[in-house]
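Chain nomenclature is as follows: A, B, C and D, assigned in order of appearance, with residue numbering initiated at 1 for each chain independently.
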Amino acid sequence: MKVLFTGFEPFGGESTNPSAVAVEQICLLPPPTGVQWQALILPVEFRRSATLMQSCISSWQPDLVLCIGQAGGRPQISLEQVAINLLEARIPDNSGWQPSGEPIIATGPAAYFSTLPLKAIRQQLQHNGIPVNISYTAGTYVCNALMYQLLHHLSAMSSCRGGFIHIPYTPEQAAGKPDAASMSVAVVVQALLEIVRCCQQYSEDIAAVGGTLD
Amino acid sequence: MKVLFTGFEPFGGESTNPSAVAVEQICLLPPPTGVQWQALILPVEFRRSATLMQSCISSWQPDLVLCIGQAGGRPQISLEQVAINLLEARIPDNSGWQPSGEPIIATGPAAYFSTLPLKAIRQQLQHNGIPVNISYTAGTYVCNALMYQLLHHLSAMSSCRGGFIHIPYTPEQAAGKPDAASMSVAVVVQALLEIVRCCQQYSEDIAAVGGTLD
Amino acid sequence: MKVLFTGFEPFGGESTNPSAVAVEQICLLPPPTGVQWQALILPVEFRRSATLMQSCISSWQPDLVLCIGQAGGRPQISLEQVAINLLEARIPDNSGWQPSGEPIIATGPAAYFSTLPLKAIRQQLQHNGIPVNISYTAGTYVCNALMYQLLHHLSAMSSCRGGFIHIPYTPEQAAGKPDAASMSVAVVVQALLEIVRCCQQYSEDIAAVGGTLD
Amino acid sequence: MKVLFTGFEPFGGESTNPSAVAVEQICLLPPPTGVQWQALILPVEFRRSATLMQSCISSWQPDLVLCIGQAGGRPQISLEQVAINLLEARIPDNSGWQPSGEPIIATGPAAYFSTLPLKAIRQQLQHNGIPVNISYTAGTYVCNALMYQLLHHLSAMSSCRGGFIHIPYTPEQAAGKPDAASMSVAVVVQALLEIVRCCQQYSEDIAAVGGTLD
């Protein structure tokens, strides 16, 4: 199983992005038996992030694509269930583009669902003592747009699964902010390892109660 | 302009539902010039709520459908941008059904976007001193399912707009819970009135910066 | 029973202060039988707020002093249990003074407890459907300092009770802030009325479970 | 410098207490030059926790006492500024005692302030990338009571400093709870080490802006 991790460059005034740190760290570890992995660091740009990722997918032909991004303030690993076809940038992306109220792909569907076994992953992380939830919004910024474009791209392919995972600030990032939750990169790396193992083990998701009332 | 409001019966152990109270109260007021309105109280059931609403739409032929629901814990009026094709019930609905991981409509698209002028409404409510945001998840329970089924139904019609609006607990509900935000019904009723006025005034939404990073 | 309410002028960039609005509104209502009330609006200044309040107490000789202040972001009426002998100003007060790490009264005790029947008030507000809690920190700004100086002043008097009550933003204030909780002034005024009634009825507090683990 | 750490046994349905884990782990490390340290694990009981600690202080004669406790839900290291003379137990302690509205020490002052250099510690932790704040309430449960009794005990001694530090859930604890913040024990242990170093370096606290408005 060939696994492509993507992480992002810093944005929003930060000097680091935990997603880049985590995917680079995990790729320094020996992968589980039967797994090859590589990490790709993407710019926080609506268009170029997807183009670079798609090039890598085309050339390397991964079986699994795990896009990782920072969700500043969230206290747990967030498994994104859905990406929506909407560009709504509260701040400009790193190329200076600030789209508002536009579709990501004009002819695309309103949304795509993650093709990862999210409930199996949630169960596995909880069993390993890692805070995790399934999230029903990936926002409307570059993370959501990358997830949407990934799933749009994969929808035309037969056998590659993919999804997006939001991770908290590192303790170092949170140290300068009032009341911000954080997670050590070591915990994030362990989470990513468990996610890869889960995707090896589960071709179909498990059944489990979940959801949010609102 | 004929306006159909829907509210919900109580659920989750509550004895009231502010959405029912608010839509019944506004329909006791004289509507703005050119507007007729009526309120329909729906059961908190995935299927029957939509069936009852669709019957009312078919018979009364409204121009605007505003579905209202309680979002316990949110501090502001939440204008829902999108409904997703997913049933994921953390608790059973009031008929005892607890679907998990199923689509709402097996042949339906992954999501529908609200057809209300959300940014115009947000601006109008803020100008009137009413806390408001645009939300990118309506959850995965009956509220999301009703919104999805509404927009699916309206997608086959030419001229009726619709969407979903989440409202906070009332102060009475919040009084028994630790640290729960609330909003007086009078403020909610004023918000609904402004939303109707906005929909009269704006056939197209305005441009405005917004969105969430994650 | 003579009741002195105090409220504050706006601070921190706000154009209103809900505490001033609420205490002025309640004093326009007819007081309960046996009650006289008046409102005093104080500057958001560590020293002058207390001096003005103490002058008013000396001249009018109230039996009950209820100091009210804005706690932006809190979702409920907060009955303050304790004021601490510490000046720690995150921003300058409205006179430009920004003390840090100093005692309020150099020879004073480390803290004073409210002399209001807080648990009786909490029960009464909850019975009336008003969100309320007992809080164990009034912060370290002018609100805490006024409460401390009030209780220091009253400690030398035999029969006047007093305390501090934090109230949320108004909806109008919260409308311009992301995710801020609010409470309508009408609800706050009703809360103040119930607090006065409670203080008439209870010379001693009731017994009730409460507290916070941390 | 002899440093006594105290941690607590589990309570409130938890099977571990991160404060016990952290203080035991740090005492397995070689202390900084000039420092001796030991850890004492205390029962979550209002009276016996203090008695055991005081015995250890009397026999070992530490120069610094750092009491550590779990603050479930807080995202950062919390340096407690003040302990109040109040027992208000939301749940019984581990001996089954649930006091309410009583003083800890009937003849004691209303509060004691920490004698640790809190602003220096805050600065040091932030410089080391560890999320931290100064807190103005240690709650009303066993943590506050231990801190109060520690400072009461130390107030009669000339040269021993002491205070209380709240720490977050571990990731393992947070994994079973919705939306709970956490901190890895390794980060907590690093924080405790920096706190000891700070107390070695600073006999007086530094000046720095801080505080909370409410």
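Here is the rule we go by: a contact is a pair of C-beta atoms (placed from the backbone, for glycine too) under 8 Å apart; a residue touches a chain by one contact, two chains touch by 3 or more.
Bear in mind that the values here come from a model prediction, so they are computed numbers and not experimental data.
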Just to be sure I understand the contacts, which chains border both chain C and chain B? none
Which chain is most remote from chain D in terms of Cα centres? B
Measuring from the mean C-alpha position of chain C to the mean C-alpha position of chain D, what distance in angstrom results? 30
Cα centroid separation between chain B and chain D, in whole Å? 47
Determine the centre-to-centre distance between chain A and chain D, using the mean Cα coordinates as centres, and give it in whole Å. 37
Where chain C touches two or more other chains simultaneously, the residues are none
Chains as vertices, touching pairs as edges: which of line, ring, star, complete or other describes this one? ring
Tell me, which pairs of chains are in touch? A-B, A-D, B-C, C-D
In the complex, the residues of chain B that touch chain A are 12, 69-72, 74, 78, 81-82, 84-86, 88-91, 98, 100-101, 109-113, 119, 136-141, 143, 166, 205, 207-214
Chain C residues touching chain B - in the complex, by the definition given at the top: 75-76, 125-126, 128-133, 170-172, 174-184, 186-187
